[in-house]
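Order of writing sets the labels: A, B, C, D and E. Residues in every chain begin at 1.
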Amino acid sequence: MQNALHIAWLIPLFPLLGFLVNGLGRKYLSKPVIGVIGSGVILASFVMSIWVFMQVKNGNTHIAEYFNFINAAGLKIPFAFQLDQLSSLFLLIITGVGFLIHVYSVSYMHEEKAEHFGRYFSYLNLFVFSMLLLVMGANYVILFIGWEGVGLCSYLLIGYWFKNDEYNKAANKAFIMNRIGDLAFLIAIFWLIAKTGTVSFDVLFSMNGITKLSQADITIITLLLLAGATGKSAQIPLFTWLPDAMAGPTPVSALIHAATMVTAGIYMIARSNILYSLSPFTMHVVAIIGLATALLAATIALKQNDIKKVLAYSTVSQLGFMFLALGTGAYVAAVFHVMTHAFFKALLFLGSGSVIHAMGGEQDIRNMGGLSKKLRITYITFLIGCIAIAGIPPFSGFFSKDAILLSAFEDNKILYGVALFTALLTAFYMFRLLFITFSGKFRGTEEQEHHLHESPPAMTIPLVILALLSIIGGWIGIPEALMNGGDKITEFLSPVIPVATGEAVSHSTEYGLMALSTGLVLAAVLLAWLQFRNYQRREATGLGKVLENKWYVDELYEKVIVNPLRWMGGFLNSIIERRLIDAIVNGVGRAVNYSSRQLRLLQSGQVGSYILLMVLSILLVFVFQFFLRK
Amino acid sequence: MNVTQILFWFLSVLALFSALMVVTSKNPVHSVLWLIVTFFAISGHYILLNAQFLAIVNVIVYAGAIMVLFLFVIMLMNLNKSTEPKKNKWLTLAGGVAGGCLLLVLVAALKNSEIKQQVAQVKEGDIGLIKNLGNELFSTYVVPFEISSILFLSAMVGAVVIGKKE
Amino acid sequence: MPVNYYIFLCLALFCIGIVGVLTRRNAIIIFMCIELMLNAVNLLLVAFSKMHHAANAAANATAGTDGQLFVFFIMVVAAAEVSVGLAIIVMMYRNIHSVDVNFLNRLKH
Amino acid sequence: MQLTQRAKQVDRRPMNGWEKSYLPAILKGMGITISHFFKKKATIQYPEQKRTFSKVFRGVQILNRDEEGRERCTACGLCAVACPAEAITMEAAERQPGEEHLYREEKYAAKYEINMLRCIFCGYCEEACPKDAIYLSQTFAQANYDRKGFIYKKEDLLIPNPKEDPEAYRRAVGERPVK
Amino acid sequence: MHLLIIDSFYIWEKLILVVFIVTLCMLVAMYATYGERKVAAFLQDRIGPNRAGPFGIFQPLADGGKLFFKEEIIPLASSRTLFVIGPMLAMTTALLTSAVIPWGPALHIKNRNVPFQIADINIGILYIFGVVSLGVYGIMIGGWASNNKFSLLAAIRGASQMISYELAMGLALIALLMLTGSLQMSDIVDHQVHGRWGGFLSWHIVRQPLGFLIFFICALAECNRTPFDLAEAENELNFGYHQEYSSMKLGFYLFAEYINMFISGVVMSTLFLGGYDIPFVNEASWHIDPNWLAVIGFCVLLAKAFFFVFVFMWIRWTVPRFRYDQLMNLGWKKLIPLALLNMIVTAVVVLWMRK
């Protein structure tokens, strides 16, 4: 009797079908049909995912092998799906949030032509398919397929408005940066294959697999995997693509660049937690990178004026938090934060989308203000999102962030301090965004003011649902200190992520930390309110300018990496390519040309001369054979 | 020198001489006729080797049929000395030299081969008799025989098709 | 007769054939020279067949028969070749009114 | 309608297979030829044996003489006119005194030629002649080596003189009654 | 059989035999011309030559003398050597065939068994074929060397005709060879000598009537006799391939034709009419001197051959000449399939009988 979960292949199949139907039929289908298909398949996957989640919750996990994907020279890579607690959780997040964003998109994108509308939904479906593949894959290779798939979709969707050159550049940037990380990931996979001969999680993470790896191997592999994760999850040094990726449609930003794709790195490390746990060095690196990213992004976010950019940096920052969690061994906290973050970041993005929609495409918050009256639902939901991300209890963000801070505190006090500071910054810039956007006076044009309107229900309903989730989403991970047995998520994930058995901090310390962070956050919010309640436009100076220009990281990259590379490219192009390779190539060509022109004389077309040559050759062969070869 | 040896040398010289005449004759008809003489000399060698069947088949097939066809075609085209195309002098020379060198090389190569001690049985041994050849041909080589007959048939059909006027 | 006499005779005939092929331009003569070469080989085959018979007759009464049968097959092939070849030459003559192989330089183009 | 009694209806039935091989026809033909093998031969050993001519046989012309051996021809030209093959040419001349024993009339043929290659031996000349000078004899025109030889001159045509050579004259006249 | 085992008696024996047979052939050919004229005359209700000697018996000598003393003309434009070689070849090939014919039962001279045959080789029939296939060269070379378009046309006609009919001839013979199982002429004759009715029933003409018919027709064609005399069709090609020939060279060609006729008669007699076998009598029971028997057998063979010669002439004066396309149709589309059919039927019957 096959495991009931064996039919989980249906989950990725639905989006794939949607992709095929929408992609191939985009010229023939009408927009409503496309929308219904695009959202419907995700809904179907979502329903399936719920069922899978129920199965898993009842203790039924399964690795479903379908066929041999690669079978060569002793290496056997099955096409298999792993359905356990971790993946089922991610399935829920992806399909659930994905479904809401699809529904939202139907309305948000309704002005597009049917053909592009179909293209958009086919991309979205393909993305969901890839993401599902990524989280369901039972080995690194399947995971990598999904990994690449989401990268591709990210590229396609960022460059969705391909007529805009800037957008194409952003898409290219995202793609290329991802490639750098992917290369590391690929090397890691090869390393694994070379050392253990397998890439399947179940084998690899068992004693059989681990023992084949030396400590150095594990460190290198985990570092390489980390490099992959930094690419996908936009960590230092590969984070700059994410803010640029805001070029895509806002739902895309919500789905890909906030809720799902960027969490792939988190998922991957969480999935590999056994390897990481064996390499303390890597753990430190992960934690430091995460924290540094979080801080850097948070500081940048302080001064950004583009509503989506702020959210993008906030995403980077939150991802940094997750990395910090991973680095401090709190995998559950990271996953938990992924979940809550998915809710409120999707909410925030969609809210910003709603704002942008209302503003007729305007993204600069300096031109907004006082929108709370006109966009009531958007405002309220956005506020909820901000509260959640700021980490004010009992909203979801509080619990997850608290878990992270706690683990940081347990790990290292300095880490904790910096993380706390970053959390404060988070609260500050989020509320800055909120206040600048929604309170005060409207600073936009007359026309925009006239045009302001609340978004249609197809957009607001997902907002409301997400807002609800943002409020209650954290309640599955209430710390033990607050509620006995409240930490359901740790319990749920325990088969995949072993519960750390280290000495926990006392409940009293925990209470203290919670109170500290909550208090400080509230103070930060108050500060933001005071400062930005009535925002007036003014030029940034000093540090503010540096922050506004994102610490000049892009420029730094430009100078340090891109320009030398470009110069080297130019050098290679003009000197090596032109003078050397072209010379060789052309020389070969010219030599062949010349010699053939000479040889052509031999081909007189006259049988006699051919035979003469034949005889001479025979003669040569004979002479060689009989006399010269002894 | 017994009779056999005299015959051998006579036939060899005849064959070589007439073969040379084939190549050097200006008139194609003369070439054909010299070639016939060559074939007769070779048939004579066959008889000397007691391969009578092959000897007579050689006469019938080559001298009697193939060369008649050649003669026929030449006469049909009315080729003679005046229509014989002249070849580039140097190319001719090169051809002659190349052929000569080939002969030289081969002879030099085979001059000291150990096969020298072997003897080709002259005027005795009856494997050349039609009875023995027939037995072998229709038992061991019956499939090649049939295939060659099919080849021949297809060649005939091909010749007719090619020769047909459109 | 020592078999190498036959070998040298056949080599000479063969080379004369080659020289003929190389030095003549008349397609028919070239064809004839090819026949001459075939015959040289035939003679050699028969000589070898008799040589093998002389060497192996004690063990195998029909030793060397195959050599002569090959000659037979070569003759068949030669006859087939001549029929088709001459038909082609006739066609060629019909089309270009010459049997000069140098006119047949279509291979060049 | 039948023109003759010997006309035969042609059999146009399609041949059967055996007939199509033509062997029966050939055998029949061979039967016919072999039957002739045994037939009486029609050959006449010419110089020794001669075929008897019919009374109306028309041979080579002769120019006649009268009983005194004089030429009868007076070169009137009627024979030449009558000749359908235009084989006869002549030239007339006047009889000189002293030639009366040679020519019967005052005018005679100085030249008289018959082209035997043209002559069809119809005998019109004989009919046309008012003087009974030309007759068709029962001899053949003899073979000759060149064409000129077939143009018979007066000397060739003139019958031998009955006075001088009566034997030859009789032979030339043959059975034919002389008018 | 050993080819080159020679002693003086052997040489003399063969030499005499060769001389005898060649002379015989010439003589027969000479009188065949006379016979032709006579037969033609008789068939046409004539007498034929009767002036030279009684019944014109010396006519051939007179003809020969005439040919010898005629002016020998070699056309200027001709290829001199080949012009001379042509008639020689024709004559030679015509005579060569006689070498393998068993002219009669073996003679006994000085306790030696002397076969009445120049060479009793085991591939006798193939030999005949080889020689016959060479007969083309006389015609072709002569016709081509004359450098006359009529000669050339006739030569080409003759050559293609001979090549074509050789096939049917060979196929017809294969059926016969299936019966005898030997290519040796003496074997074939032996095979026919012993049988009922004094050997008559084992004559191949009885067993292979169709084969004989085909062979006969092909023999006519091979000899360039009417109705297949396209190579020398007077009214089409001005006397054909020997148009430019005169004197004894022409004589050679004519001679060759009559020799061919005679030899083909002999070959047909040997192959189909039991050779020197006398029908309806058992010669072996006569108990007379084998030499006499040989002489009688020889005469019988000659009689059969003369009969064929006569039939040839008879046909010549009966059947009209074929048109060229008819000739080819007959050869390729009728005789060859018929011969194949005959061959297959014979093969089946032979296999069936053997079973």
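Definition applied: a residue touches a chain if its C-beta (ideal position, glycine included) is under 8 Å from a C-beta of that chain, and two chains touch if they have at least 3 such contacts.
Because the structure is a prediction, the values reported are computed rather than measured.
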Steps in the shortest chain-to-chain touch route ending at subunit D and beginning at subunit A: 3
Chain whose average C-alpha position is farthest from subunit C's own: A
Furthest chain, CA centroid comparison against subunit E: A
Chain nearest the overall Cα centroid: C
B-C against A-B, pair bridged by the larger set of C-beta contacts: B-C
For subunit C paired with subunit D, centre-to-centre distance based on mean C-alpha positions, whole Å: 72
Separation of subunit B from subunit C, taking each centre as the mean of its C-alpha atoms, in whole Å: 6
Centre distance in Å when subunit A and subunit B are each reduced to the mean of their C-alpha atoms: 84
Centre distance in Å when subunit D and subunit E are each reduced to the mean of their C-alpha atoms: 48
In subunit E, residues with contacts to at least two other chains: none
In subunit B, residues with contacts to at least two other chains: 4, 50, 53, 57, 65, 69, 76, 87, 91, 94-95, 98-99, 102, 106
Multi-chain contact sites of subunit A, meaning residues that touch two or more partners: 608, 612, 615
Chains touching one another, given as label pairs in label order: A-B, A-C, B-C, B-E, D-E
Touching residues on subunit A, where the partner in the complex is subunit C: 603-608, 611-612, 615
Of all residues in subunit D, those that touch subunit E in their complex: 26, 29-30, 32-34, 36-37, 39-43
Of all residues in subunit B, those that touch subunit C in their complex: 4-5, 8, 12, 15-16, 19-20, 22-23, 28, 31-32, 35, 38-39, 42, 45-46, 48-51, 53-54, 57-58, 61-62, 65-66, 69-70, 73-74, 76-77, 79, 83-87, 91-92, 94-96, 98-100, 102-103, 106-107, 110, 113, 115-122, 125, 127-128, 132-133, 135-137, 140-141, 144, 148-149, 151-152, 154-156, 158-160, 162-163
Residues of subunit B defined as touching subunit A within the complex: 87, 91, 94-95, 98-99, 101-102, 105-106, 108-109
Contact set on subunit C toward subunit A in their complex: 18, 21-22, 25, 30, 101-102, 104-109
